[in-house]
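Questions regarding the structure given below will be posed in turn.
Think of it as A, B, C and D in the order they're written, each chain with its own count starting at 1.
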């Protein structure tokens, strides 16, 4: 807001500088002979709802000379003051045709755009012509106060979704814990992981596990950690070699922890050393260059790509194909799925990546969470069909339930 | 103790972040901002671990004279030289010391040179390898082996032929329209289905992590 | 691979070494890049109408060119600007130009200097001979430069160019520029062409065309293509070019092949090569299957 | 080393030296440091070709470029992180003395004490290097994982789930004015009623079948199996189309490198 103000005053300055120079052309007469426009009317100011405070919204009926009438209004300038008598300060402006201004304050007290909460404020709006001298002020509106809110009412649908989904999850996890049999359909990519580890052992070649460019704050990376822990456990049991080159140092740290614990669980803590999981560099293509080199030099029996991938997906997968490795990929990056589908032997598409950890572990609790996800999907289908019917019959009340406000 | 405290920390911070979304209050935003800053700062300490790992692995190779150890010397030399250029330079008075940027720009022009003439060319060339790999992948994988593979193949061919002018204007026109339809309509449906699935998978995983059901990230499966 | 069954021609068609694919791709790209030849380009009416409009203007008319892009979208948009400017100067039209994107002025300046260079040579376009001429800043074109807050600048220029721009980009007061004699606002412009990689296009449509009613043509990036297309149907925009394809069409119309046509050439033949390899692989696959089936019987 | 390898190496060195000399001459009078500029442009071209040689097979030139690239990029990232995060964000909050040393403005604040917490967590993270106290680093990792899991939980529930579901509410009968009107105005134009309705039907059914494909706990048989089959078809058509679409952008990248090699380095201007 502050920048726009600065920029705007610069523009105004040049406008007025222009006035001084163009006397001979009669531009001054155009400007000086502008009649004052009619002011705006019905100014109302109210607190912005669902926010952290320090913000107010102004609304008004535009001047009759905005785009009609004399057609002289160029912009509206907004003024604020803490009392109706003290001088008003310009806090912003909007071009013609607008009838609303969000006066969003800055949180730092020192800033000139700071708007105090729980304090009486007064507002005025000027209709300004191309000549900044010629303007019409509105009546002062006030007092009005800004507040901070504890709960965001526009986000109720999200809260409902959290509660419903959390409830489903808790229910099915409890059911699973009690020992109920839960069916899951087979996934080709998952059984391939088991086969691949066996194959690597037979061939005496390593397994390459790649997180892609995901950082530790991405859920896909967290899901990938779980998959790595299963893979590492089996690798430790078979005494096969595991290579995990990393792009992000935090991911590397967590992955070291994961592999170390898996080796411990498998009963081979001595077989682990920190150099199995190592850092390369945090640069997309430098990482790719190095991993490509590893693929052609170490000739891994299997490459497992799980996590977040970007443009490097195809470079990695094609190089892996050249090296003759079996390749299993899984990503939630929709744009890269085509490349993995084409270049890899098995690909886990989107949600399958998240399901993989449950599949690999075969623990009832994890399978319970898959069941919860399926119920949520069934709910989506039912809601969509209801929504479509509602939308086609013009029942907007139903679709509005899902409107989330920012 | 070694495993309970981390799980407890995950729960506390996870629940706070969920709460934070529903509360726009100044206080809640303030804490949120602090937490985000913290993550960046911890990330910088992790950087030290990463660089340590890189140096350690390279040094190990050199020490034991493993295969291709000479290239590890290149890595280490590049790392040290670039770091030296990156943290030192001359300021506007011509004093040498720990400087990075002044108003005139980088204090050490060699940092920029290395960036422009080593980093950028290799980066763009690695990226351009994609042109070759996309060709070889298409040749290798686009075989009409079964129904699914044929669908993949046909829709790729239609889109690739969309601006072919040799078969007459009408052909080009309809190819263009069909390709645009494929990219707008079925694409949108598939993307949405995948995204809904991913959304559920992510939410499920995150919930399991926050509730401590999923502990794979700590090595406890 | 010494097995006799593996060496039949169809099997070989299925397993060409990837290095042959790579080599042919390089050869095709480099040849298409360097060897001058033409490819047919389908001309769409929304591009042709811009060329036709400019071609039929009487000499001395003024075109307003708004250049709102930065180096990121240079590859697609520079060819449009170059072809358009060259056409204007060859037809003795005059050009006024603004750059309402912070990095726009360097783009516009480069275009004016390069096209002025090119105009110093005799050239023949679409069979019409154009003698060499000197393009002079201030006489043939006037570059106003950059001012922030595009909406206000566009509105201000509707009243008088001198309001937002008392002087041109090089600091010369507009009143002492020969081109500006008698030029007040958009009323003296034959049309406005906005070549843009930003949302500034929206201001040209709503604040510029919407308020002052001048004929407006757009050149946008491929990504923005679908977004502004509806304005063509609604008649607010009379001509429209989008992305590399649009640029190549304009170059073709102006008979002035440049970077866009070269890029299209390379793209087209690289695509053909990839399709060729896909076909080879599939022919091999099916013939091999057919043969095995027959042998199996 | 084989003799052919040595000859190849020698040739590369000669070409490199020649290019350096020619480039330096061509920069003479144009650039201030023309010898350095000549070297750098030659180096860039050498590295470009080294990386491209990987397409043939792994070789010493590629290995050299790769290892150089790793070292330089790690150092680049470290320097940027050091100056922007540590010097830019952390030091101005922690100590006035250090701020003065690095010539950044000290930002006094009542809550600066809180910035010691991430520093402590960071140091705990470094405990990883210790054999006996490595487990302490899990506390910092737990902080990061917990915060981001909570954050992403909500973010994706909103953007990938609720928003995508509500976007599926499209009208299936666009501009419906009766069946007679529909058939009498049937056309294949893009803005025609038939095409618009077809698009909405494809989107709606595509999304439904796609979701059915992702069901894990139900056998894909019967009607359900058929729907899931349609789902995977839609996915495959989409993947093919986006692959075909991406080819164009990737070829442009190659054109960029060709331009560099032939115009900027060799100076050919055709």
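Here is the rule we go by: a contact is a pair of C-beta atoms (placed from the backbone, for glycine too) under 8 Å apart; a residue touches a chain by one contact, two chains touch by 3 or more.
Quantities reported herein were computed from a predicted structural model and do not represent experimental measurements.
Just to note, of A-D and A-C, the chains joined by more C-beta pairs in contact are A-D. The chain closest to the protein's centre is D, with centres computed as averages of CA atoms. One simple way to say how far apart two chains are is to compare their mean CA positions; for subunit A and subunit D this gives 16 Å.
Once the centre of each chain is set as its mean CA position, subunit A and subunit C turn out to be 33 Å apart. If each chain is reduced to the centroid of its CA atoms, subunit B and subunit D end up 5 Å from each other.
Inter-chain centre distance (subunit C to subunit D, centres taken as mean C-alpha positions): 27 Å. Each of the following residues of subunit A touches two or more other chains: 158, 162, 165, 217, 219, 222, 250, 253-254, 257, 280-283, 285-286, 289, 297, 337, 339, 341-342, 349-351, 355, 370, 373, 377, 380.
Shared contact sites, meaning residues of subunit D that touch two or more other chains, fall at 51, 54-55, 63, 65-66, 69-70, 72-74, 76-77, 125, 128, 138, 141, 144-145, 147-149, 151-154, 156-157, 161, 165, 168, 204, 207, 211, 214, 235-236, 238-240, 242-243, 246-247, 251, 254.
Shown for subunit C are the residues in touch with two or more other chains, namely 18, 22, 25, 29, 267, 270-271, 274. On the side of subunit B, the complex with subunit D involves touching residues 2-3, 5-7, 9-18, 20-21, 34-35, 37-52, 54, 68, 71-72, 74-83, 85-87, 91, 98-101, 111, 113-132, 134, 138, 147-149, 151-160, 177, 179, 181-200, 202-203, 206-207, 209-210, 217-218.
Contacts from subunit A toward subunit B in the complex involve residues 50-54, 107, 117, 148-152, 155, 158-159, 162, 165-166, 169, 173, 217, 219-220, 222-223, 225-230, 233, 246, 248-250, 252-254, 257-262, 264-265, 274-275, 278-286, 288-289, 297, 311, 314-315, 317-319, 321, 332, 334, 337, 339, 341-343, 349-351, 353-355, 357, 361, 363, 365-366, 369-370, 372-373, 376-377, 380. Per the touch definition, subunit C reaches subunit D in the complex via residues 19, 22, 25, 29-30, 33-34, 75, 233, 263, 266-267, 270-271, 274. Within the complex formed with subunit A, the residues of subunit D that make contact are 51, 54, 57-58, 62-63, 65-66, 69-70, 72-74, 76-77, 125, 128, 137-138, 141, 144-145, 147-149, 151-154, 156-158, 161-163, 165-166, 168-173, 204, 207-208, 211-212, 214-220, 235-236, 238-240, 242-243, 246. Those residues of subunit C that touch subunit B in the shared complex are 14, 16, 18, 21-22, 25, 29, 39-42, 245, 264, 267-268, 270-275, 277-278, 280-282, 285-286.
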